[in-house]
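First chain written, first letter: the chains are A, B, C and D, and each begins at residue 1.
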Amino acid sequence: MKQHHTSDGFQRYKAVRKHTERLCSNLQTEDFVVQASEEVSPTKWHLAHTTWFFETFLLKPHLSSYTEFHPRYSYLFNSYYNAVGARTHRFHRGLMTRPTVSEIMAYRAHVNQEMEILLSIRQGEEIDSLLELGINHEQQHQELLITDLKYNLSYNPLHPEVLDIGEYLSEQQQGWETIPEGAYEIGFSGDGFSYDNEHGRHKVLLEAFNISKALVTNGEYLEFIRAGGYQNVDLWLSDGWDWAKKNNMKHPLYWWERDGGFQCYTLAGMKKLDPDAPVAHVSYYEAAAYAEWAGCRLPTEFQWEAASDRLDWGQRWEWTNSAYLPYPRYQKALGAIGEYNGKFMINQMVLRGASVATPEGHSRSTYRNFFPP
Amino acid sequence: MKQHHTSDGFQRYKAVRKHTERLCSNLQTEDFVVQASEEVSPTKWHLAHTTWFFETFLLKPHLSSYTEFHPRYSYLFNSYYNAVGARTHRFHRGLMTRPTVSEIMAYRAHVNQEMEILLSIRQGEEIDSLLELGINHEQQHQELLITDLKYNLSYNPLHPEVLDIGEYLSEQQQGWETIPEGAYEIGFSGDGFSYDNEHGRHKVLLEAFNISKALVTNGEYLEFIRAGGYQNVDLWLSDGWDWAKKNNMKHPLYWWERDGGFQCYTLAGMKKLDPDAPVAHVSYYEAAAYAEWAGCRLPTEFQWEAASDRLDWGQRWEWTNSAYLPYPRYQKALGAIGEYNGKFMINQMVLRGASVATPEGHSRSTYRNFFPP
Amino acid sequence: MKQHHTSDGFQRYKAVRKHTERLCSNLQTEDFVVQASEEVSPTKWHLAHTTWFFETFLLKPHLSSYTEFHPRYSYLFNSYYNAVGARTHRFHRGLMTRPTVSEIMAYRAHVNQEMEILLSIRQGEEIDSLLELGINHEQQHQELLITDLKYNLSYNPLHPEVLDIGEYLSEQQQGWETIPEGAYEIGFSGDGFSYDNEHGRHKVLLEAFNISKALVTNGEYLEFIRAGGYQNVDLWLSDGWDWAKKNNMKHPLYWWERDGGFQCYTLAGMKKLDPDAPVAHVSYYEAAAYAEWAGCRLPTEFQWEAASDRLDWGQRWEWTNSAYLPYPRYQKALGAIGEYNGKFMINQMVLRGASVATPEGHSRSTYRNFFPP
Amino acid sequence: MKQHHTSDGFQRYKAVRKHTERLCSNLQTEDFVVQASEEVSPTKWHLAHTTWFFETFLLKPHLSSYTEFHPRYSYLFNSYYNAVGARTHRFHRGLMTRPTVSEIMAYRAHVNQEMEILLSIRQGEEIDSLLELGINHEQQHQELLITDLKYNLSYNPLHPEVLDIGEYLSEQQQGWETIPEGAYEIGFSGDGFSYDNEHGRHKVLLEAFNISKALVTNGEYLEFIRAGGYQNVDLWLSDGWDWAKKNNMKHPLYWWERDGGFQCYTLAGMKKLDPDAPVAHVSYYEAAAYAEWAGCRLPTEFQWEAASDRLDWGQRWEWTNSAYLPYPRYQKALGAIGEYNGKFMINQMVLRGASVATPEGHSRSTYRNFFPP
């Protein structure tokens, strides 16, 4: 990863760590524990795993005086880094009642103290670069924490209100931009932080195209539903149709049909559907079916990046019609860090932009997010 | 159900309710929440569901001044009584972070207060009989709470120690009893409490048989393992073999192979296997395979009941070679209470006796416990 | 198994073998091959497996001049006799295109010839007894062949007509019989053939009961459907309700709703539902729900056997409210033959009687058929 | 699709149709019926479905005198064209014993006769274009027929020998080609037949790269196996590792470990592994893991197409590191024909080239084959 000189490294570290905890300030102890599906993690686990990252990649190798907080935590809070050793089965994360929330808060405090020591006595590129990676890793988990928390709490019949991040911003640019034919530079350049999957900056030829400045709104999506979009096989990719039928989809996740209208579950509680807000939590399959219905296509990630200067992006992650595959000259990093991105380059589609859950300073136009369709 | 005159009804009620809470006194808040499989329930849920039972079947119909604690709890804590209305999906019990543990404790306190009022102003057979049923229901859930808690916490890599109920008692009677041929009376008679599935007392002809006074010990079961019991298809029922292969069984649940020997997870922590303690947590399939290997058969529930006076039973629930089916003249009770037993009379085998987790005063020789094999 | 002196052993053998082939005389080659679920077998397989039985248990051990027809058939046509060696995975039976139907017919002819030689030169109790078992085994498979064939061909959108066994007999006895209280002898006695699961004749005490002489008709079952039987949870066992919901059951297997009425698939083609014919192909769960709706209970297998002399049974296998469990003094036979019955004594309910698919001479009042509910 | 002037249309039609039947000339009737998984089809089905295509898209709309062969075949042999009406459940294809093989051969003959009439009296671009599509469709199914037949018969413990297409050609070009940086034209141009997914010819910028002229051989792949390739998580994509573990993969499909070496099932029977033949039947996951181990990457489909003139391709379909996604300006055709390609553009990777099972004249360098990884 590209490094970032951090004279004020510990200040940034502290601010990011605090922000993570602030996201949880309205949670009850019980809310931290649960895991509603294999794909999501408990809040408690995010708090511990991000801490484990600093302990494993910074403190243990670089601070000789460091003593680990608990001998089993390394096993418990490893996520998918096979190179670092055995780890607990992913779906059992939600069954770990111990360590408790307060023990994990103590773990965070311990690692914070030791990080302060480390950063006061050790300097140089390697430390800077690992710190930068750890901070970005925690920021990424802030977004995951919010996303997973929403999913976990959505199973709660009492619909708890725990966090207001303005999921319902509704002001948007309008109209379309025309991007001319040309060879566009794609991929990261510059000094700031970036992930390895953005590297390998290269030229891509694009034909001229139009791209909408506005995101699809709830109101527009509702028209698609009312026009029978979920029942019209011709609009769907074959796998998308199977997915929609198997899961009995009739509207996006978190929409609830009530008294003829729709409500949405948000972390700030149940809300009446706002027709002007951009639609959220749609799968690639739903996005592609909507586009087919609307007579459009999803942009490729190259089209999106080429147009990004002219878009006011950042409210929703935007599906692109590009599979998540390596750029030319892509190289996996050596060791455990190399497991970060490369091994997921199959069966996923790229999303570009950022969302209201993305922490400030953690987005850029070359960022490649990815999810299964 | 047979009734039981309870001049001191509220005292008994209070004692049983307190005992439930005492079982949880060493738990952390997080321990109350989790649910490791669809077949078990979170501790929190047991605390609330037993309370819901008193609220639904005693307070709401019989105490006109009663106001319910929370309008949604009736939906949340109904277990399987279809007659009482909609209920939450069973496997989502472990995702209900709210109500919190302390809210449920407040719910218990509220219902306790109102029960005191009800029992001070209303009397008679119907109330007595429902109270008795509610108390027995809570006692049954005390045992389930312990059983489920053990299962839920067993997934916890830190093996918490939370309760010592003496799972490891090892003194037992020795030798065999011979029971002569005869017609034996089977089923409940007398004044105390009993479930509808014990009623229909009737005579059963038995041929003479021998029955062991001692339970199978861990040591004996270990011999079966060492003799290749889990690899010898001839010892197993066909479904049992499939079950053992599918689940890759090599020893009973909660045994852990470590350094050539075995340890057992108990609610009082990890323990070295005690060869003299009776084996626990074996399925019907394992019990039947062991019996085949030992050249014996499991007794029928009628043989067990006929011999029960001569046995020192009560340490372990004992599998019998009888399917759970209705006695002659069995009648489902009317309404929701009728869902208690009858509809489970298929695909289950009867267990007789009681275990160390059974609350005092909640066992009798005609009690028919039942589980899938 | 009890033996049966067969001076005319080969004549009986030949007649039974021919009957099996006659059942298939209207099949196309393709019809012999398919297997619509793991629980059923292809027709071809029944033809070969019954032949394998004679080859394995009679010819190989008792006819020294015998040379096996094909070295791999022993592996291919073993069903579940683990003691006899490896066998092919059950669900792959329907993928075995080779040996072809005509090769299997040649296999049958070969074994028939050799059996004639064996029976002409060897005599005695052991041979008689094995021959009797083999004949009964083939008769049992005649019924299975018909049952499986119906299931396999029912997936065929063209509804082939291949066999007329009078599935639609509609004349029945009417009225009820009262059976007095008493100790009844249960289990096989006498000289003829019988299975080990019928042995252990013993007395069972029964209270007085009434039993219907008539089977439930399609018309009566239709009333149950029209009264909302499949939607009324109160009528169903808990597992039965889950089964009915999971499989979206709205009527018995092989009924097809067409133009407001019902048609039934039979091996003689699609037929309009005959309201006077006894209902067929209902699961235990459906039978129990119907009985609950009609205010009756299913008889136990002991009640059925005690009443059997007064019933005109034999049109349909009749579910009883008894689990398939061993009689007193039940002993598994030694060796492979011992795998015949004992290991299935779990999770199954007993059926008594016989059906229109049961070959003549293969039914008796002590016969214990069994199936999962 | 691009059209192709066919003065000799019927001759080509007849030759292709005959070739399909010739592929089946050594099959037994039983071999035509089976279907070993949902992803494959019975041989019989391919024979009928290709015929249905001509009946549905040519004869019914364009030959007024045409009478359909059987009123139900349209339902039975539709594959996935939702626009054309209901169709049978895909996994039940292997249960259709009727129509029989000889009935399907009669269906083929009937359609052939009528096609001769149609082509003698009707001419013009539309007919030519549909004929061309039907011929290419049948050629595509010739390859599928071979592929599926191999899979279906591989479950047969007797390993039938039915077809010799030279699966084991072993002469190959050696060495590497260097392709210079440049803008390459990608996609179909010219007069011959092509699919809609090849259209939208456009320029793609490529950096300079090297590409191997030789395919990976069985011997090389064996080295990867011997080096622990299937046990080394670092070589695998994350989904690939899960797939390999779940399916307990230790070598490619159709390899059988025997006496320390490997044999391969081919349609010409079991063969000893030829170390010089190119490896076949590897998944994308296996190809990617091998490439990682060998220090290479799979080419993109653009790299492959740019280099194709310098490669002697055609022995094996070659995985590329490109997802199957639309080219610029891609348009689904209207109506049922539009379901041919577009709706599969997700979750699949592109393969380029052709294989020994590809019929002559049915391959070109712009052809985009696709499969799930």
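Quick note on the criterion: contacts are C-beta pairs under 8 Å (C-beta built on N, C-alpha and C of every residue); 3 or more make two chains touch, one makes a residue touch a chain.
Everything numeric in this text was worked out from a predicted model, so none of it was measured.
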item: Neighbouring chains common to subunit B and subunit C, by label; value: none
item: For subunit A paired with subunit B, centre-to-centre distance based on mean C-alpha positions, whole Å; value: 45
item: Separation of mean Cα positions, subunit D and subunit A [Å, integer]; value: 38
item: Inter-chain centre distance, subunit B versus subunit D - centres from mean C-alpha coordinates, in Å; value: 58
item: Residues within subunit D bordering two or more other chains; value: none
item: All pairs of touching chains, each written as two labels joined by a dash; value: A-B, A-D, B-C, C-D
item: Subunit A to subunit D touching residues, read off their complex; value: 80, 82-83, 183, 202-205, 207, 233-234, 236-241, 284-285, 288, 297, 321-323, 325-326, 328-329, 343-347, 349, 373
item: Touching residues on subunit D, where the partner in the complex is subunit C; value: 28-34, 36, 44, 72, 75-76, 88, 92, 94-101, 152-153, 155-158, 160
